[in-house]
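Below: a set of structures, written as structure tokens.
You will see two complexes here that share subunit A, one where it goes with subunit B and one where it goes with subunit C.
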Partner chain A sequence: MRHKAYIVNTGVITAIGNNTQQCKEGLASGKNAIGKPRFLQTHWQNEIPVAEVPLSNDELAALAGVSSGWPRTALLSAVAVKEAWQPYRESAQELRCGFFSANTVGGMDLTENVYKDFKETGTLSDIPSMVSHECGAITELVAGHFGIHDFVTTISTACSSSANSIMMAAQMIEAGMLDVAVAGGADCLSRFTLNGFNTLMILDRQQCQPFDNNRRGLNLGEGAGYVLMMSEKAAGQCNATPICSVSGYANANDAYHQTASSPDGIGNKLAMQQAMAQAGITPAEVSYINLHGTGTANNDSSEGKAIESVFAGQVPPASSTKSFTGHTLGASGGVEAVFSTIAIADGILFPNMRWQTQMEDISWKPVTEMRTGLDIRHVLSNSFGFGGNCSSLVFSKFNA
Partner chain B sequence: MPAHILHHVRIKDGIVSKDGVAVTDKVMALPEDLYRELGCNYLKFFKMDPLCKWAWLATEILVSGNGQVLYHGLDNNRVALVLQTTNGCLEVDKKYQETLATIPSPALFVYTLPNIMLGEICIRHGFKGEQACLVNEAFDSEELTTWVADLLERRGMDACLFGRVDATRNATDITLFWADSSTPGTPLSAPALQQVHEG
Partner chain C sequence: MNIYIKGAGVISAAGNNSDPSFLAEAPGYDTHRLNAKEPDYTAYIQPMQLRRMSKAVRMGIGASKIAGQQAGIEKPDALSIGTAMGCLQDTEVFLSKMIDQQEQMLTPTAFIQSTHNTVGGQIALLAGCYGHNLTYVHRGHSFEHAIINAQLYLHAHPHHQMLVGGIDELVDSSVKVLTATGVYREGNSTEGILHTAGKGSIAGEGAGFFIASAQPAPGALRIKGLQIFTTKDAALVSEKMNGFLAQQQLQQDDIDLLISGWNGDSRTKPVYDVLHQQFSASVIAGFKHLSGEYATASSFGLAMAAHIAGTGMVPGFCRLGSAPARPIRNIILFNNYMHYFSMWHICT
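The block that comes next holds the complex of A and B.
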């Protein structure tokens, strides 16, 4: 028998807010948080806007109650995990709990500082700060701090990382291997990612305009997003109220190019179709699509065409919340799972900011205004990564 | 059934052989030479870095023959890849670094990871099974045997392309194998791999 995986709580931090409530308010008020970085030290300070969390490492550490010597990705992770997990930590003590945390940056921010010194002085004065360089170290730090140890894993599949961590957590709860899971991901801004995306020539010098015909690229962001998942039995034991279930998920690869999607979005199509099939819903039943919507020419075109084909002209309301948060890379699937959960819980839809011009190669357009008072039953959330690593998740309202 | 080696390709300093037989009697100094010698038609080849070019060519030779590809009839999701390298993509790393002074090249940047060679092989042949890229000091037959035997005997893979691809400006050293667990061949073992590698 399969045990459904329910989302009972969320935790999130992005440029628009330090927790679920603040992010919700930011989304509702059209908060604009994309601009000059204050904390990321980069050559591009005045040229490339980013969606930075407006807190220093010390402030993040204080918020999470951890050491400020941690890499920034771990600090962001800890803030969001604390929000999702802390209220149930005690009641879940006797249950089997897993931590599924994605990231792509690891402790690279600290390594970059050491490297700069090394290059300039030839001495490795601060080598201990490199011990958390690799992605798994971030997960271990956070899992250790919050005492989650029955199953701990790190997933790093580029921009679909945290969607895949939610998928894996759902599978393990469904299979009866775990009762509770904290699943999602985190990523901080770093020079490497900014310079790398800049090399690929896909960064917007202005604020991004996903799904606009004149889009110029993406804005990088940072943050963390986690959902607390439980089996029905565990939710009962912890006195937690299910908001929605992770009813469908799929991962497909179009094996087309190292960094680009295939022009007609084969992997995107497969992921969406398989996720909806697993959830047992037809495309017409989807209330809202949280788009991957990075704002690059390639992504929005192939995602747009794939949606047009899958939804056969009846495209439900869709928007890219990356127009608020920037592209938070390994955190984006987790952040957007939290936003999808908010959409279901509150019956609201978020606008796709700064949309102006209809794309020429698709016939539908994203939602451009906030909508409230809706009955959101099924949300499809897309996360498409480099290497054609495409994932889609379906969240379904509890007892829908 | 335990894993068996069905075919192997060896390329060392321009000498190319398959299953111990010379593919051509000419010395292939550049990957483009071998590409033309084989009569390939794959335009994406020319944008690859040297590591990918050599890995791609060695795979073409390994999987072709008798009018159909080696993986004909196999489930692509159960074809695995395990490749070792020593120098990785250092050649393109250096070239990319030179472009940093002016405009960083996106075309070079995407090749600045050694595991991209697995990606190019998969894009060409559609393999979607388990994959690993390992960086070692030298050809490590023990490590390859462990990984491949595990994949074929315990991880649900039906076939595996594996070996070592190393390519620098001055030296090319490639040993590729194809193994599966349903066709009789040479039993997979470290000494058998070592023997092919040492020629």
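The block that comes next holds the complex of A and C.
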């Protein structure tokens, strides 16, 4: 027998807020948080806007109650995990708990600061800044701090990373291998990723305009997003109220190019179709699509066309919340799972900010105003990334 | 768990298993670092594509092709890969240039190939594989998690063939950092790793890829159990092993072969002393003197299990105990990388 995996709580931090409530308010008020970084030290400071979390490492560490010497990705992760996990930590004590965390940069923010010195002088005093360089080291720090140890893993599939951690957590709960899981991911801004994306010429010099005909690229962001998932039995034991279930998930590959999406979004289509099939819903039953929607010419065109084909012209309300948070890379699937959960819990849809002009190659347009008082039953959330990795998740309202 | 291994491909410091002389001769070296002996890839990869590939990508694709050939499968339905460090070489190239050129005049190639899922992405691209594709980057459990993912995937897709692999590459900086932190040591020799202990082990790298399926096949190795844990307490390990044997319904005497991840590190010597004593009636074979130590070295251990099952012979230069040879049915693979431990029950 398979046990459904329910989302009972969320934790998130992005440029628009330090927790679920603040992010919800930010989304509702159209908070604009994309601009010049205060903490990221880069040559591109004045030229390339980013969605930076407006807190220093010391402030993040204080918020999470951990050491400020941790890499920033671990600090962001700890803030969001604390919000999702802490209220149930005690009641989940006797249950089998897993931590599924994704990231792409690991401890690069610290490594890139000491690397030159390390390389030139070979000094060992730089080693402490490099020991948490591995992606897995980030997860290990956070899991250790919060005492989650029955199963702890790190997934890194570029921009789809944390959607995949939610997928695996759901599978392990369904298979009865775990009772409880904290799943999502984190990534901080680093010079490495900023310059990497800059060489690909896909960074917008202005604030991004996903799904707009005149879009110029993406804005990088940083943050962390996690959902707390439980089996029905565990939720009962922990006195937790299910908000929605992770009813469908799929991971497919575009097998087209290392960084670009295929023109028709082959991988995108496969992921969406398989996720809906697994959830046992038809495209017409989807209430909202949280788009991958990075704002690059290629990504939005592929995703737009794939959606048009999968939904046969009847495209449900859809928006890219990356217009608020920037593209938080390995965190984005987790952040957007939290936003999808809010959409279901509160019956609201978030607008796709700064949309002005209809895209020429698709016939539908994203939602451009906040909508409230809705019955959101099924949300489809897309995360597509480098390496052709395409993942889609379906969240279904509890007892829908 | 029931995963059948229908093909194995390994590229390592001890060579690759498409070579008929793989593991035929005792290794001899005096080095602090075991670099992979890479095969001529032109049988597997177009020269144009090969030129652009880093070692991690080459080794991953090469090992996946060997595994596919063994299994007679050109295009797997899905991929599951473990790599603790990812594509270090390209990461370092981009990082160095970024710093030296003060973030200016950079080109994208190294960045594009630096992401941890590059190997998985490239294999999918070359094979035209649109299926499930995941990359685990969880330190010393990266490969084990890829196997657990295979279990989940194959349960849902019982007729699919999944390519599962472990891969890590060495670069100068990683050797330096891991030597400074005590994972690796300087001044090693073959003998040194297997028969003496010191602080740290010998640096290694490699790729071990497997075609996995939920369906049995003649000659396929069967992974019947896998248990993983982390601990810094040596005393806990024996308790864990006894629990695992009980869970697998195995008596001590049922174990024909122990493939031991002993790596010459004095800090885990107490663990392996107890373990080797416990399995003294079984044939014991070490492998870290062949593969070197790296976070996904258990993929070499699994490939060695496949090789031994195939040839029916345990190479003499791997033998650690003195138990007489016996037919091999039940294998326990025990591995650690730092405080990451795994125990495997493998049947021929």
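Note that the second predicted complex is superposed on the first by the 390 of 400 C-alpha atoms of A that agree within 3 Å, B and C clash if a C-alpha of one lies under 4 Å from a C-alpha of the other, contacts with A are read in each partner's own complex, and residues count from 1 in each chain.
Rule of thumb we're sticking to: contacts are C-beta pairs under 8 Å (C-beta built on N, C-alpha and C of every residue); 3 or more make two chains touch, one makes a residue touch a chain.
Just so we're clear, the structure is a prediction, and the values are computed from it rather than from any experiment.
Placing subunit B and subunit C on a common subunit A by superposition gives a clash between them. Look at A:S77: by the touch rule set out above, it reaches neither subunit B nor subunit C. Of the two partner chains, both subunit B and subunit C are touched by A:Q258. In the superposition on chain A, A:T20 makes contact with neither subunit B nor subunit C. In the superposed model, A:G387 makes contact with both subunit B and subunit C. By the document's definition of touching, both partners, subunit B and subunit C, reach A:N198. By the touch criterion defined above, A:N57 lies against neither subunit B nor subunit C after alignment on the C-alpha atoms of chain A.
Annotation for subunit A, partner touching more residues between subunit B and subunit C: C.
Of all the stretches 206-214, 242-250, 260-268 or 314-322 given for subunit C, the clashing one with respect to subunit B is 206-214. 195-196, 198-200, 253, 255-259, 387 are the residues of subunit A that lie in the contact sets of both subunit B and subunit C, per the superposition on chain A. Residues of subunit A that touch subunit B in their complex: 195-196, 198-201, 253, 255-259, 387.
By the touch criterion given at the top, residues 104-106, 109-111, 116, 119, 122-123, 126, 128 of subunit B touch subunit A in their complex.
By the touch criterion given at the top, residues 79, 84-86, 91, 94-96, 98-99, 102-104, 106-108, 111-118, 120-122, 124-125, 127-139, 141-142, 145, 149, 152, 155-156, 173, 176-177, 180-181, 230 of subunit C touch subunit A in their complex. For subunit A in complex with subunit C, the residues that touch the partner chain are 42-44, 104, 108, 111-112, 115-116, 118-119, 122, 124, 127, 130-131, 133-137, 139-140, 149, 152-158, 164, 168, 171-172, 175, 191-192, 195-196, 198-200, 250-259, 266-267, 270, 385-389.
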